[in-house]
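Got a structure here, written out as structure tokens. Questions coming.
Note that the chains take the letters A, B, C, D, E and F in the order they are written out, and that residue 1 is the start of every chain.
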Amino acid sequence: MASETVSEDKYQKGIKYLKNMNPDSFRILEENLEDLAPDMARYVAEFAYGEIYSRPGLDLKTRELVTIASITTLGSAQTQLKSHIHGALNVGCSPQEIIEVIIQMAVYAGFPKALNGLFSASEVFSERNVTIEK
Amino acid sequence: MASETVSEDKYQKGIKYLKNMNPDSFRILEENLEDLAPDMARYVAEFAYGEIYSRPGLDLKTRELVTIASITTLGSAQTQLKSHIHGALNVGCSPQEIIEVIIQMAVYAGFPKALNGLFSASEVFSERNVTIEK
Amino acid sequence: MASETVSEDKYQKGIKYLKNMNPDSFRILEENLEDLAPDMARYVAEFAYGEIYSRPGLDLKTRELVTIASITTLGSAQTQLKSHIHGALNVGCSPQEIIEVIIQMAVYAGFPKALNGLFSASEVFSERNVTIEK
Amino acid sequence: MASETVSEDKYQKGIKYLKNMNPDSFRILEENLEDLAPDMARYVAEFAYGEIYSRPGLDLKTRELVTIASITTLGSAQTQLKSHIHGALNVGCSPQEIIEVIIQMAVYAGFPKALNGLFSASEVFSERNVTIEK
Amino acid sequence: MASETVSEDKYQKGIKYLKNMNPDSFRILEENLEDLAPDMARYVAEFAYGEIYSRPGLDLKTRELVTIASITTLGSAQTQLKSHIHGALNVGCSPQEIIEVIIQMAVYAGFPKALNGLFSASEVFSERNVTIEK
Amino acid sequence: MASETVSEDKYQKGIKYLKNMNPDSFRILEENLEDLAPDMARYVAEFAYGEIYSRPGLDLKTRELVTIASITTLGSAQTQLKSHIHGALNVGCSPQEIIEVIIQMAVYAGFPKALNGLFSASEVFSERNVTIEK
């Protein structure tokens, strides 16, 4: 049986992606879920990263930017939004690109959600001493 | 007074963008709104395109892909989603890139919204005789 | 026993409101639900109209306008939105006031939902031969 | 006039349900609303519990689980989600059943909302010294 | 390597569940996605059914009822809602239980979404000649 | 060129509105955005206030009440909701009118969002020593 059809491999593949993209967020997630729902952390690794992020056809920078667009539009998942703003910076998105995506959400998701997205970005940028070029 | 501070210019700038990105959708929108709320069509040209899409810092292909992510996440605006799938193709996104963005929304917005996004893409691709490379 | 504490009276009170505000919508709703969930039609009469719309402290015109704002923001309940646009006209809101509320939703709920709200208003206005004064 | 048609009785019926299901949450709700909107606490007792939860045709355990599914899907009402996780435990749902419902929401509402639902469950379980059997 | 860790098996396991729960919906889904995004149909089988629905700890009837609660709350995925109302009937939920879940959503997701959920149930029940016992 | 077509004037017009409606919120917003996305504060002044709130056809009190309805329905933007509850009081809405709008949202957006809207109103009223007349 070919190794790419094996769940174990999906998990390992996901973990490999996560180590590049967002190791801290995943470690915290695993710790938070270990007594409650450890399978959920496995699904994040296996399905979200091992299956979806590892698909060809779209580079990781664009994958993180569309995720930021989606979570800003949800409006109620600031922890996950901040985690993906970290992820976007980790895979090479510039702070300005991230800000541009969130500003654009004012048109599609409304100003309140765009503003709250910007405040989340501001927290991440402060934490990492990232500044926006003008 | 510098010309870039003039609303008239924002409108003209937006129309210039719309002519490249999505001329048919905007013409239909203008016709639908002309007796009801013509200012709303003006805001689309002036604010969404003249102001937001014309910002530097993010290319138009990425701008269309994050818009597709956002409207797929909203889940209830299939007319606008199809309009932006047209727009994405018009500015050079490949069908595969569009599909990748919508598939990824299964993780962030859930499977029902991602599936409905794919069905909207399917309609646009059929209309334009676009096929996905395998 | 004071009459205002009696459910029967809440129902009758709600029906009285509905007869002024939106008799057709409620009759269609009752017919659609009579074999499936007749209590749901009763809750609309009793709770939504007999309890909430009949509260003092806000006039019916404002109550219909805030309902239009809320349903436009939901984005996925066009039948109910059109029913309340009828209701708003029935209690004396002008077409222009209704349009103003929906346009304003572009800021808070995003352009796609505001546009879809306007298209619903357009259908109701056409049906009733209502025109917007310019 | 039959007693079941009397609002006072709906309220008493709702309070009876609330005393079994979630007495603490309702007491806090009543205190928080007493100067602001005491009718809103009455509607919770009378409509949500006296009318809906007291309907035959679905047991209270299932009613709490579908409520947890709905509020997890809303994504932005963690106080109410935690209140209903308490309620679910109070009417006999196992911690594992609650976790299963929330994990399943990853498919329908997306991973971020499911993860935030799990974190709310974690807080409630810690507070009550509840542990998940493995 | 243990067979339960193999993706191929997750897929087969999911298909086995789907054959009992909702064979028609899945066949239509596969056909609709085969030229566009065949992996998405695979994820439905593999992740949603092979992974989530096949988890122990919650019976299939309850799993379908919480899914109906979630999709009614989304408000904009009537195709998927109808598919899961079929699924719920197929695994043994009574029409009345389904209606009870949707009515309850009036409290948590608002009346418009609950009403639209009931209309979807009505379509499925008509199609299958299902009637509600009174 | 007529002055009303000039963006600079839209900005000044918006600032004039903001000074009456919500000077503190805007000042805080501008400070929070100045290093991150100063254009976003400009869009709030220029588009939301200079363009939308300054439209004829709806008085400012009604504009604030429909905004409160919309943001309560979003459910996840309590900072912006509180800002507009301040704004509503500043333009002459009574506390009771604000409470009535939010209570009514229980019907359209569900009880959890209405309750969270009331808690936000409670915080604003406490801060301003506003009391509800009974």
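The working rule: a contact is a pair of C-beta atoms (placed from the backbone, for glycine too) under 8 Å apart; a residue touches a chain by one contact, two chains touch by 3 or more.
Only a predicted model underlies this, so the values are computations on that prediction, with no experimental measurement involved.
Shared contacts of chain B and chain F, meaning chains that touch the two of them, come down to A, C, D, E. The set of chains in contact with chain B as well as chain C comprises A, D, E, F. Interface chain A/chain B: over half of the residue numbers present appear on both copies, so the contact uses mostly the same residues. Chain C and chain E, compared by their mean Cα positions, are separated by 31 Å.
Our note on geometry: chain A versus chain E, Cα centroid distance of 28 Å, whole angstroms. Chain centres here are Cα averages; for chain E and chain F they lie 40 Å apart. Under the contact definition stated at the top, the residues of chain F that touch 2 or more other chains are 39, 43, 47-48, 55, 71, 74-76, 99, 103, 106-112. A complete topology is adopted by the chain contact network, contact being made between every pair of chains.
The touching residues of chain D, counted against chain A in their complex, run 74-76, 99, 102-103, 106, 110-116, 118-119, 121-122, 125, 131-132.
Chain contact summary for the complex, chain C toward chain D: residues 1, 4-8, 10, 39, 43, 47, 51, 55. Those residues of chain A that touch chain B in the shared complex are 47-48, 52-53, 55, 57-58, 62-63, 65-74, 96-97, 99-101, 103-109. Taken together, the chain B residues at the contact with chain D in this complex read 106-112.
Those residues of chain F that touch chain A in the shared complex are 29, 32-33, 35-37, 39-40, 43-44, 48, 71, 74-77, 79-80.
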